[in-house]
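Take a look at the structures below.
Heads up, the next two complexes both have chain A, just with different partners, chain B and then chain C.
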Partner chain A sequence: MKRMDLVIAGFGTVGQGFAEVLDMRGKSIALSTGVEPRIVGAFDSKSAIYDEEGLDPNLLLYNKASGKVGNEPLVDGVAFLESIDYDLLVEVSPTNIVTGGPGLHHMRSALGSGKHLITVNKGPLALAFSELSSIARENCVEMRYEGSVGGGMPIINLCRESLSGQEISSVMGILNGTCNFILSRMDSGLPFEQALKEAQELGYAESDPSYDIDGIDTACKVVILANSVFEIDCNIHDVDVSGITAITEEAVAMAAEQNYCIRLIGEVSKERLEVSPRLVLKGHPLSVGGTLNVAQVNTDLAGPISISGRGAGRLETASAILSDLLAIIRSSVNNK
Partner chain B sequence: MKRMDLVIAGFGTVGQGFAEVLDMRGKSIALSTGVEPRIVGAFDSKSAIYDEEGLDPNLLLYNKASGKVGNEPLVDGVAFLESIDYDLLVEVSPTNIVTGGPGLHHMRSALGSGKHLITVNKGPLALAFSELSSIARENCVEMRYEGSVGGGMPIINLCRESLSGQEISSVMGILNGTCNFILSRMDSGLPFEQALKEAQELGYAESDPSYDIDGIDTACKVVILANSVFEIDCNIHDVDVSGITAITEEAVAMAAEQNYCIRLIGEVSKERLEVSPRLVLKGHPLSVGGTLNVAQVNTDLAGPISISGRGAGRLETASAILSDLLAIIRSSVNNK
Partner chain C sequence: MDKIRVNADLYVKDVPGQLVAALEPISVMEGNIVGVVHHRDQIMNDRIGINVTFDLADSERLDRLLSVWKERDVHISRIGSVVETFPLDYLLIGDISPSWLETMLDRIRDSLGIESLDIRYSAVTNTGNRTALIKAKLTNKENLRKAEQLINEIVKERDILAVRGLGK
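So, the complex of A and B:
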C-alpha cells in the first residue's frame, strides 16, 4: 500500500488532538483511499522523535504526557526537518503574529523541499501567505489550512469546493469564539469587564486577552480568507481593525431595544478588509450566541450562504486537519 | 476541446434558470476544466428540440417565451431521449410524489443507457432512490441531486466533501421555506390562516399548499438525505410526518414566553426519519426566520455544523445544478 508520511511540528493541544484523530481514522482512510497516512516524526520546542518505520500515535501521546515527545533534544526545527524523510508537514506550533515564529521557518523548509503542508498556525499565514503559496506552487505541493479559520467550521473548503461554481462577492463572519462569548454574555446584561472575567474563568480567554478582544485573531483570519478565497495578496497590516473593548452595557442595551445585537464581524471583499463590532439583527444567521463561529458567504447565484460551527477545540481543529489530509491524499491519488 | 453534451428535461423555472446560468458560466467552466458543457437537447411536456452541434441557451429561452421550447412535438420523453446522443441528463421536470411521474422514467432511461444524471426532482428520488443509484453504479455513471434538498444551500456536497472525514450521527433542518415563512410570521402574532394567506399572496405557497404545510416536501428531503448521507435504503413511506396546520397562535406565544420558537424540523439519523414541528431556542442556528433553509449536521469530531441559505429560487437552484455539473466534469477529467 502507498503511504503518506507525516511529521507533526508542535505537539500541544492541536498536535495531540490530531495524533488522537489519526489513531481513530487512519485505517479507514487507508481502506477508502489506498494510501496509508503514517506519523514518522514529531517535535515540540524541547524534543523530537523520528522513525522511518512509523510511530504509534499513542506512544507520542504517552511520551508527551510523561514530559517529552521524543528522546532527541531539539536544537532547531528546520535542521531536524532537513535531516529526515517525509511527505507532509502538519505545522501546529504556537502562533506568533509579529515575526511568524519558528512555524514560518518550518513551513518554508517543508514547502521548499517539496513536502505538502497542512497548518492551523495563523501567524505565518497572516504575515506571509503569498510567499508561502508561491513556494508551494513552484514545488508542486499543496498547502492547506482549513483549521486556521473557524476551527471545525469548514469555511475554506465550503468556498473552494461546494461553492466553486459561484462568484463570491464577500465573506462576513464571527471568527473569534472568545469575543462572541463575551458579547453574548453582555446581551444578558453583564458589563464588559465581568463578561471577560467569566470568559477567563471558563478558559475561553487568555490571562492576556488582547490578541482576541483587540480583534487581532479575527484580523488574521480575514487575511487568510482574503488570500485563499479572493486571491488578494495582503497581510495583517492591510486590515482595518477595531476590537470590542470599547463596547458598553448601554450600547448593548440600546441595540437590544431595536432587536439588534452587537457582534465582532470580520469582513472580506475585494474592496474591504475590516474587523469591527457591528449591529446584527436578531434572527439573522450572523446573530449566533456563545463561542460559536459563523460566516456568511455572499454569492452571485445562490445569494447568501451561512455556515456555523465550533471555532476552536482540540478535536474540532484536528478534524479540520484530517479533512485537509484527506483532500491531499485524494488529489495525490488522482494525479498519479 | 472535450465536450459534455447536456439534455434538459423540463423547461420550467429551474430549467430556464439553468440555461441562463450555463450561458453565464459555460465558457469559464470550459477554460478551467478543459471540458465544454453544451446543451444539445431540451424538452418540456409539449415539445422538444435537439441539435448535435449544440443549442444556444438564449434561443431556448426565446423559444420558451414564445410558447414552445422546440419545434418537434413531444410524444414521449423516454422515446426522445433514446433517439438522441448525449452525455448527461438534467432532469428538472415537475415533481410527482405519488408515481414519480415522467421524471422517474427519464432518469431510468438516462442512467440505464450510461448517461450521467443531475436532478432536483424530488418525487423520483423520494420513491426510488436506491433503485436509481443502483442503475447509476451498474452503468458507471454519476447521479447528483444537490438542488433537491435546500435549493442553493449546499448541504449534500458539504456532507460528502467538506465533512468527509467526520462520522455524521444526524442531520436536522428546516428544509421548507414556505413553512418557515408561515411560522416566522406567526412569531409576529399572526394566526396560521392569515400567515398562510400572506405566503400565498407573496407567491411562497401554492393555492393548494398541502404539499408544503403537511410536511410532504420536507419528508422527501429527509429521504434524500437519508439515502445519500447515511446510505439508508428508504423511501417516503418510511418517514414519520406531521405538518404545521395544527399549530396555534397560543402555542407560538407560549413558546415565545420561554424564549423558544416553533419550527418544522426534518430529522435524519440511523434511528429516526421524522418531520415534525419542534421547539427551537431563539439564537440557536436552527432558529432562522423567513424563507431560509438551514441544516445542522452533527459530527463526532467537529460537533454540530450548521449551514443556511435560500431553499428555493430560479438561480439559486440552478446554481446547485451548476455545482453538480462541475463536480461531474472534474471527476470525468480525473478518471481519464
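So, the complex of A and C:
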C-alpha cells in the first residue's frame, strides 16, 4: 500500500486533536483511498521526534501529556524539517500576526522542498498568502487551509469546490466565536466588560483578548477568504478593521428595540475587505448566538447560501485538517 | 433614476395576438415582467382581464408605456406603482449631539435624497457618549453607497463608531 508520510509542526490543542482523529480514521482512509496516512514526525517548541517507520499517535499524545512530544531537543524547526523525509506538513504551531513566527518559516521550507502543506495557522496566511501560494505552485504541491477560517465549518471548500462555476459576489460572516459570545451575552443586558470576563472564565477568551475583540482574528480570516475565494492579492494591512470594544449596552438595547442585534461581521467582496460590528436583523441567518460561526455566501445562480458551525475546538478543527488531508490524498491518487 | 415596480389590471380583446400586444411594450421599455395572471372569468365588452406585475427603470418609461398601450387599444382598469427603496440603517456610538447629526443628515438629504427618515437617541451616559439610531430609505443604490461613504468619512473625523446594517 502507498503511504503519505506526515509531520506535525506544533503539538498543542489542534496538533493533538489531529493525532487523535488520525488514529480514529487512518485505517478507513487507507481502505477507501489505497493510501495510508502515517505520522512520521512531530515537534513542539521544545522537542522533536522522527521515525521513518511511522509513529503511534497514542505514543505522541502520551509523550505530550508527560510534557514533551519528542525525545530530541528542538533547536530549529526548519533545520529539523530539512533533516527528515516526509510528504506533507501539518503546520499548527501558535500563530503570530506580526511576523508570521516560526510557522511561516516552516511553511516556506516545506513548500520549497516539494512537500504538501495543511495549516490552520492564520498569521502566515494573512501576511504572506500570495508568496506561499506561489511557492506551492512552483513546486507542484498543494497548500490547503480549510481549518484556518471557521474551524469545523467548511467555508473555503464550499466556495472553491461545491460552488465552483458560480460567481460569488460576497462572503459575509461571523468568523470569531469569542466576539459572538460576548455580543450574545450583551443581548441579555450584560455590559461589555462583564461579558468579556465571563468569556474569559469559560475559556472562550484569552487573558489578553485584544486579538479577538479588536477584530484582528476576523481580519486574518477575511484575508484568507479574499485570497482563496476571490483571488485578491491582499494581506492583513488591506483590511478595514473595527472591533467591538466600543459597543455599549445602550447601543445593544437600542438595536434590540428595532429587532436588531449587533454582530462582528467579516465581509469580503471585490470592492470591500472589512471587519466591523453590524446591525443584523433578528432571524437573519447571520444572527446566531453563542460561540457559533456562520457565513453567508452570495452567488449569482444559487442566491445566498448560509453555513454555520463550531468555529474552534480540538476535534472540530482537526476535522477540517482531515478533510484537507483526504483531498490531497485523492488528488495525488488521481494524478498518478 | 428610481426603479419602480408596477402592478396593472388590463383588459385586452379576446383574439389571438392581443396578449402579446400588451406585454411586448414592457420588454421594449427594458422592463422585467415578474408575473402575469389571466382572469378568463373576468370578461367585459368582449375583453378578458389580465393582471401584470413588472419592474421598470423609472417613471418616465412608465409614461411612455401607458401611451403605447393606449395606441394599441389596451384598456387599463387599475394601475399602481411603488418606488424601490434601499435601507440606510446606522447605529452611531460616541460624542453625538442632535444638531451635529441633523447637519450630517441634511447634507445627505440635500445631495442624495432621502425617501424616509427616523432618528432615535439614547440618553447621554456618564462617559458623555450617547447612541443614535438612524433608519432611512434612499431610492437609489448608488446614492446609498455615496451616503454610506459620506457617513463613514464624517464619523471617522469625530472618532464615532458607526454600526451599519447589512443592507439589501
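Rule of thumb we're sticking to: the second predicted complex is superposed on the first by the 336 of 336 C-alpha atoms of A that agree within 3 Å, B and C clash if a C-alpha of one lies under 4 Å from a C-alpha of the other, contacts with A are read in each partner's own complex, and residues count from 1 in each chain.
Please note the rule applied: a contact is a pair of C-beta atoms (placed from the backbone, for glycine too) under 8 Å apart; a residue touches a chain by one contact, two chains touch by 3 or more.
Treat the numbers as computed from the prediction; the structure is a model and nothing was measured.
By the touch criterion defined above, A:L158 reaches chain B but does not reach chain C.
Touch criterion met: A:P277 reaches chain C, while chain B stays clear of it.
Shared-chain residue A:Q166: touches chain B; no touch with chain C.
Within the superposed three-chain model, A:T119 lies out of touch with both chain B and chain C [touch as defined at top]. Taking chain A as the reference chain, the count of touched residues is higher for B when chain B and chain C are set side by side.
Once chain A of one complex is fitted onto chain A of the other, the partner contacts of A:A255 are limited to chain C, with no touch recorded for chain B. Across the two superposed structures, the residue set of chain A contacted by chain B and also by chain C is empty.
Every residue of chain A that touches chain C in the complex is listed here, in rising order: 172, 242, 246-248, 250-251, 253-255, 257-258, 260, 262, 265, 276-281, 284, 286.
The touching residues of chain C, counted against chain A in their complex, run 89-91, 93-94, 120, 122-123, 125, 129-131, 133, 135, 161, 163-166.
Taken in their complex, chain B has these residues touching chain A: 21, 25, 29, 151-154, 157-158, 161-166, 282-283, 285, 287-289, 292, 294, 299, 301-310, 313, 315-316, 318-320, 322-323, 325-326, 334.
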